[in-house]
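In order of appearance the chains are A, B, C and D, and numbering begins at 1 in each one.
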Amino acid sequence: MLDKHGIAKRIAQELRDGWYVNLGIGIPTLIANYVPEGLQVEFQSENGILGMGPFPTEEEVDADLINAGKQTITAMPGAAIFDSATSFAMIRGKHIHLTVLGAMEVAQNGDIANWKIPGRMVKGMGGAMDLVASADNIIVAMMHTNKKGYSKLLKKCTLPLTGVGCVTKIVTNLAVLEVDSGRFKLIERAPGVTVYDIEKATEGELIIDGDIPEMNI
Amino acid sequence: MLDKHGIAKRIAQELRDGWYVNLGIGIPTLIANYVPEGLQVEFQSENGILGMGPFPTEEEVDADLINAGKQTITAMPGAAIFDSATSFAMIRGKHIHLTVLGAMEVAQNGDIANWKIPGRMVKGMGGAMDLVASADNIIVAMMHTNKKGYSKLLKKCTLPLTGVGCVTKIVTNLAVLEVDSGRFKLIERAPGVTVYDIEKATEGELIIDGDIPEMNI
Amino acid sequence: MNKVVQSASEAIKGIKNGMTLMLGGFGLCGIPENSIAALVSAGVSGLTCISNNAGVDDFGLGLLLQKKQIKKMISSYVGENAEFERQMLNGELEVDLIPQGSLAERCRAGGAGIPAFYTPAGYGTEVAEGKEVKLFNGKPHILEYALSADFAIVKAWKGDRLGNLIYKGTARNFNPMMAMAGKITIAEVEELVEPGELDPNFIHTPGVFVQRIFQGNNFEKRIEQRTIRT
Amino acid sequence: MNKVVQSASEAIKGIKNGMTLMLGGFGLCGIPENSIAALVSAGVSGLTCISNNAGVDDFGLGLLLQKKQIKKMISSYVGENAEFERQMLNGELEVDLIPQGSLAERCRAGGAGIPAFYTPAGYGTEVAEGKEVKLFNGKPHILEYALSADFAIVKAWKGDRLGNLIYKGTARNFNPMMAMAGKITIAEVEELVEPGELDPNFIHTPGVFVQRIFQGNNFEKRIEQRTIRT
């Protein structure tokens, strides 16, 4: 079983040299720490920066340089700053190669819900709806089950949707799965996790095709 | 009767302090020379500059600084450079207070034709269609008649239109006229020009209301 | 041509109860602090505020929410403000939540004379309810309309007397589009300079979009998430 | 990540007969001279070229017209090119003339994932023929579609290895939007620098939009109308 850092590490294996990547708040943010040696990847933050660097030192802190999670950041050499319209032009125009974000629910047809719990949580969708509507390569990073132990990989989302049929891959604490013709195709098991564990934790339909390898992280 | 410079001088009287103004190619360009003392007016050129200044000296010539007529120009202190999309955002978004352009024909309902003679001249509309479709205050600067002596102020345009019902005022070598409920309202006569001269040179319907004053230029 | 006003309170003259305002900023980054303080002092109410976020409880637009000066918020993310959530769930505050990219583009459209455009964002979600849908290359898109405002209030780093603005870092965010979309646009700057001091080639907001400008003072520039590398 | 190529001929690799190209520039100002020369040498033909203008008879896109390499031009103004006019009137060249603002916005839309938008420009003229019309505030607007291209070729002043670009003066014009709208975007720069040498706050085209970059040489930068104040 993986922790948040393990999920981030596994997703980092999906990165390719020269990619521009948008990382959502939470687990996705951690991915920046695990970029494989030798790859150059540029991180985009939708509030208006490409080439986002690590957190600043105490001396470097600048109130005018934050990421989409409102955290203070630094800019890498070769970074570029732009306004919000240009930022979403990049996103909507498919110039970003990979989007990683969290979710409350993912359905087996690729639907995602992560912005609203009716009558309870009212935070707003931020940039998530633009991201999932436009990106061709969307990985969801999340725990396989919620705090009550219920599966977050469902036949059908119960919460208001963020996007329809858009998720391509899901990396959880238990497994790597792909959305494949309306079902979840199991790709890899987390270390020490059995196929049976994953079946138990997955409400949606699973495709289990042959031996499922363990992740190599 | 006015010459080109006289037309430009008369239109310059329409300028107000703080206005942003787009001047077309030809007679309109001359207006910049006659801005009344004490007024600050900013000239926009649709290829991407606000705060266009006079032509450069020999030493100042810069191939990277031209106006919409492809002439070398200078930039005033406080100028701003921008791309073509932003330039037409200004125009389409009604941020420009006055547009002055030439015309081949103007109709009494405010239609204008100035971009195409079918089968003969193929130059293109450039920015003219965007300008006339968006601006609230459009002055046409032109000769009252064409080279053959035919009126350019018509009941109805005969050439392909640039815009419909958009012209607010016309300043010619003979007169100042406004488009008023589907007719040309005569406002002023050029020095030495009679109302009869103007009637003869105008094919469209004229409103002649009381004594028509002579221009004061 | 003189766009310079002497203070935030002079800048906000003419903002009346019930008006629609756009306010730049992302979180607390790049918000017009001085103008917001002046709006609190002026006590103007019934406002519709278009802003990506709604501040925090005791800073930014949170200050106007506390005083119940806001009738309606048009935003993309309001997660950092408990008072906001309370007012919204109690029905005291109207809220229109919009995808962030659509919000940015709708403001730009408002300033650019584009009355409407198609975007894929929000298709199939409650955001698309009641909106026109059209297929492009087989993919459904929804028609989104331009936004504009009686007043847009933006914050820039430097500005000149003609209203030309430059922003610093990610404090740029929504400010340039909102500056375009205000019937009257107020710019609050850290440093007011003379025309000619800003390089024409690197102006972010050309002065044509700005009607009033003033140099703010005592910018707090509060940081929401002070994250440090050790 | 290495976007740097060594020459214009390397940069245009993959441009094939019949492809659609966007080329930046206004008149002869800000045109990708080196790339155009390479296209002439390569002899690629049947091109559809999206460019505000068509050069003059012996420079800019006029060079491609002379060699009959262009099948179709999509432009707003082509008045400076006699060979263009001859080919067009003889039916040797397809021409789509588009209002300049619509051309700029359609390129931006292509790069920004906006498949279509409404504009008032051209309503009531032959430009509007066959296009959807919709009223906004009682005023008719026409629906215009995004433009994109197999290759966009832009000219910038400075650029870095990551493809970040800055333009100089009015040589900016259409280049930034076209850079956004190419499936592959080639940037030809006067000066190629290392990442970190350009101030992130003043990048005109972020590198994400650029796939290939090279330093051109012997820029002629011809002036069409050399007007001098005496």
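The working rule: contacts are C-beta pairs under 8 Å (C-beta built on N, C-alpha and C of every residue); 3 or more make two chains touch, one makes a residue touch a chain.
None of these values were measured; they are calculated from a predicted model.
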item: Neighbouring chains shared between subunit B and subunit D, ordered by label; value: C
item: Distance in touch steps, counted as few as possible, from subunit C out to subunit D; value: 1
item: Per Cα centroids, the chain farthest from subunit B; value: A
item: Centroid distance [mean C-alpha coordinates] between subunit C and subunit B, Å; value: 36
item: Distance from the mean Cα position of subunit B to that of subunit A, given in whole angstrom; value: 55
item: Centre-to-centre distance between subunit C and subunit A (centres being mean Cα positions), rounded to whole Å; value: 28
item: Per-residue overlap in subunit D, given as positions that touch at least 2 other chains; value: 105, 108, 112-114, 119-120, 168-169, 201
item: Shared-contact residues (touching 2 or more other chains) in subunit B; value: 49, 75, 81-82, 85, 88, 91-92, 134
item: Touch-based graph of the chains, sorted into line, ring, star, complete or other; value: other
item: All touching chain pairs, where touch follows the definition stated at the start; value: A-C, A-D, B-C, B-D, C-D
item: Sites on subunit C touched by subunit B in the complex; value: 1-2, 108, 110-114, 160-162, 164, 180, 194-196, 198, 200-201, 203, 206-209
item: Subunit A residues touching subunit D - in the complex, by the definition given at the top; value: 17-18, 20, 40, 42, 44, 49-51, 75-82, 85-86, 88-96, 134
item: Footprint of subunit D on subunit B - complex, ascending; value: 45-49, 54-58, 61-73, 75, 81-85, 87-88, 91-92, 111, 119, 122-130, 133-134, 160-165
item: Interface residues, subunit C side, partner subunit A - complex; value: 26-30, 52, 75-80, 85, 88-89, 95, 97, 99-105, 107-108, 119-127, 157, 168-177, 204, 221-229
item: Contact footprint of subunit D on subunit C as seen in their complex; value: 105, 109, 112-120, 134, 136-137, 141, 166-169, 201-202
